[in-house]
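Both complexes shown next keep chain A, but they swap its partner, so chain B is in the first and chain C is in the second.
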Partner chain A sequence: MSLLLYLLRRLLQALPVILLIIVGSFLLIKLAPGDTVDALVGDMGGADPAFVARLRQEYGLDQPVLVQLWRYLVKLAQLDLGWSYVYEQPVTQVLASRLWVTLLLMLGALSSAFVVGVALGAFAARRAYSAADNIISTLGLVFYAMPSFFLALLLVLLFSVKLNWLPVGGIRDIGAFHTGWRLWLDIATHLLMPTLALSLIYLAFYMRLMRTSVLEVMDLDFVRTARAKGAGSSRLMFHHIMRNALLPVITLLGLQISTVLGGSVVIETIFSLPGLGQLAYTSVVKRDLNTLMGIIFLCSIIVVVVNILTDLVYAWLDPRIELK
Partner chain B sequence: MTTAPILEIQDLRISLPPGGDRPYALEHLDLTVNPGEIVCLVGESGSGKSLAANAVMRLLPEPHVHVSAGRILLDGEDICAKSESEMRAIRGDRVAMIFQEPMTALNPQKTVGWQIDEVLRLHTDLDRKARRARALEILGDVHIPDPASAYNAYPHQISGGQRQRVMIAMALVLNPRLIIADEPTTALDVTTQKQILHLIKEMQRQHGTGILFITHDFGVVAEIADRIAVLRLGELVESGPAAQILNHPRHPYTQALIAAVPALTPPAHKDLSAAPVVLRAQGLAKTFAARGGLLSGRRQAVTAVRDLSFELRQGETLGVVGESGSGKTTVSRIVTRLLPPDRGEVVIGGRDLIHADRRQLRAMRRDIQMIFQDPMASLNPRKRVVDLIAQGPIVHGVPRAEAHARARELLSLVELSPAAAERYPHEFSGGQRQRIGIARAIAMQPKVIVADEPVSALDVSVQAQVLRLLADLRDRLNLSLLFVTHDLRVAAQLCDRIIVMQKGEIVETGPTAEVFADPRHNYTQALLASIPGRDWQPPKLTDAA
Partner chain C sequence: MRKTHGGLMLGACIAALSAATVAQQAAAQQAEPKRGGTVFVHMNTEQGVLNPALRASTGVYQITGRFMEPLIDKTYDGYVGVLATEWSSSEDGKAITFKLRDGVRWHDGEAFSCDDVAFSAMELWKPLLNYSSTLQANLESVDCPDPLTAVFNYSEPMPLDLIVAAMPDLGHPVPRHLYEGTDILKNPHNQAPVGTGPFKFQEYERGQYIIGVRNDDYWRGPEYPYLDRVIWRFIPDKAAGAAALEAGELHESGFNGISMADLERLGKDPRFDMGTQGFENNVAHSTVEFNLRNPILADLKVRQAIYHGLDLDFAINTIMRGFAKPGHGPIPSVGGANYTDDVPVYEYDVEKAKALLDEAGYPVGPDGIRFKLRHRPAPWGEYTQLWGEYFAQAMKEIGIQVDLVTNDAPGFLNGVYRDHDFDTANGWHQFRSDPAVSTTVWLRSGAPVGTAWSNQFGYESAEMDGLIDAAAEELDPAKRADLYHQIQRLAMTDLPVIFAIEHPFVGITNKKLINHHNTPRWDSSSWYDLWIDE
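Moving on, here comes the complex of A and B:
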């Protein structure tokens, strides 16, 4: 019951945050010179001023900015994200067709980075300053220091060009018209490399943090107590150290889930995946205001939800933290 | 019962990593613990007493620190020859350990029940129900009220005393042959300490367990020891039956240690009623507001101090004693205006400190200075000692060169060498750092010094020196001291008058000698009765230095 109240309160608190983000980004975009019509006309190679003026009127772009903002907010309150003049589709539909790709990529990359990073970090800490630790730490540093586009290109060179094991890009084999599980398998093989490229970078973060955190917790008194009770080293690690050491790593995970939507733009572009990151990029170029605002709205919701989830996980991991 | 010893340490030597201040943490240690016996291993910090305990458990941070010679026999078997898995079977089953700080020694993420259950799971084949029954039984045995609810509680949800009971329950649950208790009561209040010591004795009598009890506190030793071994810098200087060591110590070091134990005889009452009042606190009150938001008001508001008034005269030392949570630290913070009170006034030199505006406050700050408990934490590690001491006067407009010269003078006043001025705080020992803290406080030439547990982090011998220094400075500079402490022995040593606080209120106040001789309030009586080793009067050693 108190959990439900807590969630309700947190969601209520999130409303003004989201509103602020929407208003702020709307005004920011409006501050930039040029609008959708300019981009459209530019693509057409020019048009006469009367046509441009009529187009502006049709899209409601001739109104003062505040009126436009008000209209947008009223529509948003009815959960209507508007119409994309670039894709000639409702924004909701544009987003829906892209969101799952990004979500798959992001969740796949982050969860594998988290699981492997935490495991490697704990392993490295247990054998701190040994050869194994040095190898793990060095590799982590290499991946961390390497720009994602470079890593992605290396992977393409190795797995697609040299070995010819994996497709170069795209989300599915366009000519094959797979259905059912064959389609999923096809999507999985297409996502393998982008996920790997994205996760290797994050992995390094989790690994370093987990290693430090485990080393710190290992020295705490209760670990000594557990050893005095006769617990073996793997029991110590799993029951006493890891859960305590996870707290800072969870904080980082929460922060990164929020940024990974934007961070995947590069990867999506290199592997020509039709995802949100790519969509955001083209929307900016084409001044597709409604689509851009839709993405921002979606992202702010994801950030808020992830924040709440992080706090819940925190409270679950550490009983000293009370949700209030 | 056989008389064969449970634990026999023979000629033990523990090596430290090369490059340390000494090659061996311990050398030529011989020690025996018989069944049903409490052996106290006494020593100051750095004596190697905790390492000895860890060596018995084979929990030394190997390979840097390791046993390089000697034998440790547990029921006649050499522990050093055991494999790691054999050792795991012994730990928790035949030898158990109790640690100093029960809050950090328990895993914060697991319930009390889980942690006791773990011992049973590791060493027995009992099923879940039987384990739970045994855990509840042992929780009852260590007198935890409502074992069933404690079983499901997390460590932070129970009090400090109860946490230590849980630790003891965890150590006793398998009836070990030997319990190693490493300063088990140091972190506890006196009244709780008394209960825990009582419990340890009771358990030991019931189960015939041998106990190796590590402590630095001779009061505690006098309370429970059957035999005593005294360590100094890794060397066993003296060992023997408790009565002999306590009353007729032979080795000069033991004699010095015992001489440093503050006697429970307060100083003769000084009549200060003619001296002017330096500081007057009137009707102070502080409530820490309830925590929690709109939809959840979980935590109650806590009244830390309610309607407190007292006067401090020139040259007087006023002790504020009480247990944790009594509000004594809050008093010290309010009086120095580090914490704004809800009500009341603190008058120094005719002006109210609490309601002074920023300019007045700045000027008044020099009249009242503080000495903190942890000298390591309260000195900026990146500044040289001379800068630390001179900083206050410089802020108040003393020219830099003059302030530095004065700082060097102050160092000799607190019995440190002038060379100390150019060094950094971490290069000093705890006692020396506290001297620096004192020098910093008197650099401002204050009228009043508020000292919050200034000696509780120090070893007894160092404690005695710092107390002597404080008393000496007070008399020479005609200072007034507000001395906050939980240690009644320390209070007895230094304070002219004391205030006994309980739950934010003064329950008793008066000249120290009178309060100690004839405590009126129940709480004061309970506090005095809890002083460990109160029946033991440290012998007057004529030949001690």
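Moving on, here comes the complex of A and C:
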């Protein structure tokens, strides 16, 4: 019961935060020079003044900013995200067609990075300063330092252009018209390289953090006590050390899951994946206000939810932390 | 001198290359065309509106060219009828008559007739289509004396040359029965076009692809088109586009869809044809634009000095890799009779530039600088960005410090055209078949502030305005051409803008495609005779 009350209170507290984010981002976007009609005219290579004025009126851009903001908020209150004038579709439809791609990519990359990173980090810490630790730490440093676009292009060059094993980009083989499990296999092959490129970078984060965290916990009193009580080395590692060492790693995971919907602009662009990151980028360039606001709205909700979940996981991992 | 030599050699090399391409194509054309197959085309940007009667832009034609056909198209043999078969003008130039093709059906089976043309002209081309609304401003009505004759009535004389030259881009009819009585801008067929072309629209997955399938009922006969499908893939990243071409996942990328470095590299690969063939109708100028409201730039000597300070051969060879030539004013060399190279020129001469600046009263200061300019380079891609950087370097040589103010498209258009917040800018001006379509509006005074690609220089010349207005209504082609020659000479004398370099776009095509780039606006055309040899 108290948990339910806690959740309810946290969600209520989140409402003004989301409202603030929406109003703030709306005004911020409006500060950028030019609007979507300018971007469109730039794309077309020009248009006469009557054409431009008619489009502005059509899109409601001839109104004062505050009127536009009010209209947007009224629509949003009815859960209507509006119309994208760049894609000529409702924003919900634009977002829905991109959401699953980004979710597959980001969750795949994050979960594999988390699992492998935590395992490698703990392993490296246990054998600190051995040859194995040095190799793992050096590789981690290399992936950490390597820009993601460079790693991605190297992968494309090797696996697509030279070896011809994997497709260059896209989410599926368009001319093949696969259905059923063949379609899913096709999507998996298309996602392999982008997921790998992205997870190698995340992996480095988790590994380094986990290694430091485990090293720190290993020297604490309760570990010495457990060892004195005669706990075996694997029980000591999994039950006593790792559980406590995970706290900072969970914080990082929470932070990164919050950004999942933002996607990875770089990876999505290089692999031409129709995801939310790429969408956000083009929406800024084309000043597609409604789409951009839709993405921001979705992201703010995710941030709020993930924050609450992170707090719950804290409490579960460390009983000393109370939910208030 | 050395540089000029290099340019000549590169030019000769390109000529040899394109000769080889033509020979190869000729050999292939003798082979029996194969039916079937799918062609994959590269697109950099998404298109929200797939209706060439609402959006005049190459990005739209690149897709809709397969689905929707214009009344007239341009080929290497001149203008040929597509949906129109003949055209003529009345004595006073106020009535233009098009004879329409018989036996053409829309993709939904309805017959194409004058009703469609009249509706499209009055409801879309005149009020809604960019550029066309200026062209058709004096259009009063379209009569249909019979289903296959359309008579366009104008309140002022309309030169036949002008309307014919404009038709390939601005003359796409839409099916009246699907548009009449609807909100035209929100009509769902703007995203799912219904035309008369050799391919039918099938599917548009945003951010991914568009699929077009063979039209079995095409008016040119049952053998056309040869292909089963055309698929466009949206790949915004140029490096990814190049990799997809190299891996064989794409067959063609036009309009500089990949970087010049990759075009040059893949152009040497025997699997590809690379070059400007098929883009002759889409020639643009790389420009330097002055803000004459700045008292320094209002001095003609300063503008002449800047022109003399530009080493165009160097820029052409490094930025455009030789696929360009120096400009001679507002009309490019593909402009036909309206073009002349009998204009004042400003050769590269640093000493002369310095002398002119001294004369104008801007000596070199103690810091080595004569004056500073705030320069906005347009974000229209590789050429404009590099050309802006080159401009800043070239000006340094003659003692002018250029500070680059970079911005994205909306920022640039607002800063330059609405706020006039620039000293110099560099951009890109595309020629659209006839100077009256979109070129002269750039030099004429009186356009409302903020209109993109209108006079942002603050250039006002009664002589120029008079010439432009006279040319727009002159019916005699010879007199018309003479007026445009005068306009070019005046523009090259007054220099509100430097039309420094003219260049067609560059494209790259897998050699499996046969009959590719065989018209001067091939990427916008119907591809009814394209086939794939695999």
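One rule holds for everything that comes next: the second predicted complex is superposed on the first by the 319 of 324 C-alpha atoms of A that agree within 3 Å, B and C clash if a C-alpha of one lies under 4 Å from a C-alpha of the other, contacts with A are read in each partner's own complex, and residues count from 1 in each chain.
Going forward, a contact is a pair of C-beta atoms (placed from the backbone, for glycine too) under 8 Å apart; a residue touches a chain by one contact, two chains touch by 3 or more.
Every value quoted in this text rests on a predicted model; they were computed, and no experiment measured them.
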{"item": "Partner with the higher number of touched chain A residues, chain C or chain B", "value": "C"}
{"item": "First, second, both or neither for A:R287, with chain B first and chain C second", "value": "second"}
{"item": "Partner chain in contact with A:I171 - chain B first, chain C second, else both or neither", "value": "second"}
{"item": "First (chain B), second (chain C), both or neither touched by A:P16", "value": "neither"}
{"item": "Touching partner for A:G180 - first (chain B), second (chain C), both, neither", "value": "neither"}
{"item": "Contacts of A:D35 with chain B and chain C, given as first, second, both or neither", "value": "second"}
{"item": "Partner chain(s) touched by A:P64 [first = chain B, second = chain C, both, neither]", "value": "neither"}
{"item": "Of all residues in chain B, those that touch chain A in their complex", "value": "57, 59, 85, 88-93, 96-97, 99, 101, 104-110, 118-119, 122-123, 154, 156, 167, 170, 291-296, 298"}
{"item": "Touching residues (chain side chain A, partner chain B) in the complex", "value": "2, 5-6, 9, 220-222, 224-232, 235, 239-240, 243-244, 317-320, 322, 324"}
{"item": "Contact footprint of chain A on chain C as seen in their complex", "value": "38, 40, 45-46, 48-49, 55-59, 128-131, 133-134, 185, 190-191, 205-209, 211, 229, 231, 233-237, 239-240, 243-244, 246-247, 249, 380, 407-415, 430, 438, 441, 447-448, 450-454"}
{"item": "Chain C contact footprint on chain A (complex, rising order)", "value": "32-36, 38-39, 41-52, 54, 58, 84-89, 94, 97-98, 153, 156-157, 160-161, 164, 167-171, 174-175, 269-272, 274, 278-279, 282, 285, 287"}
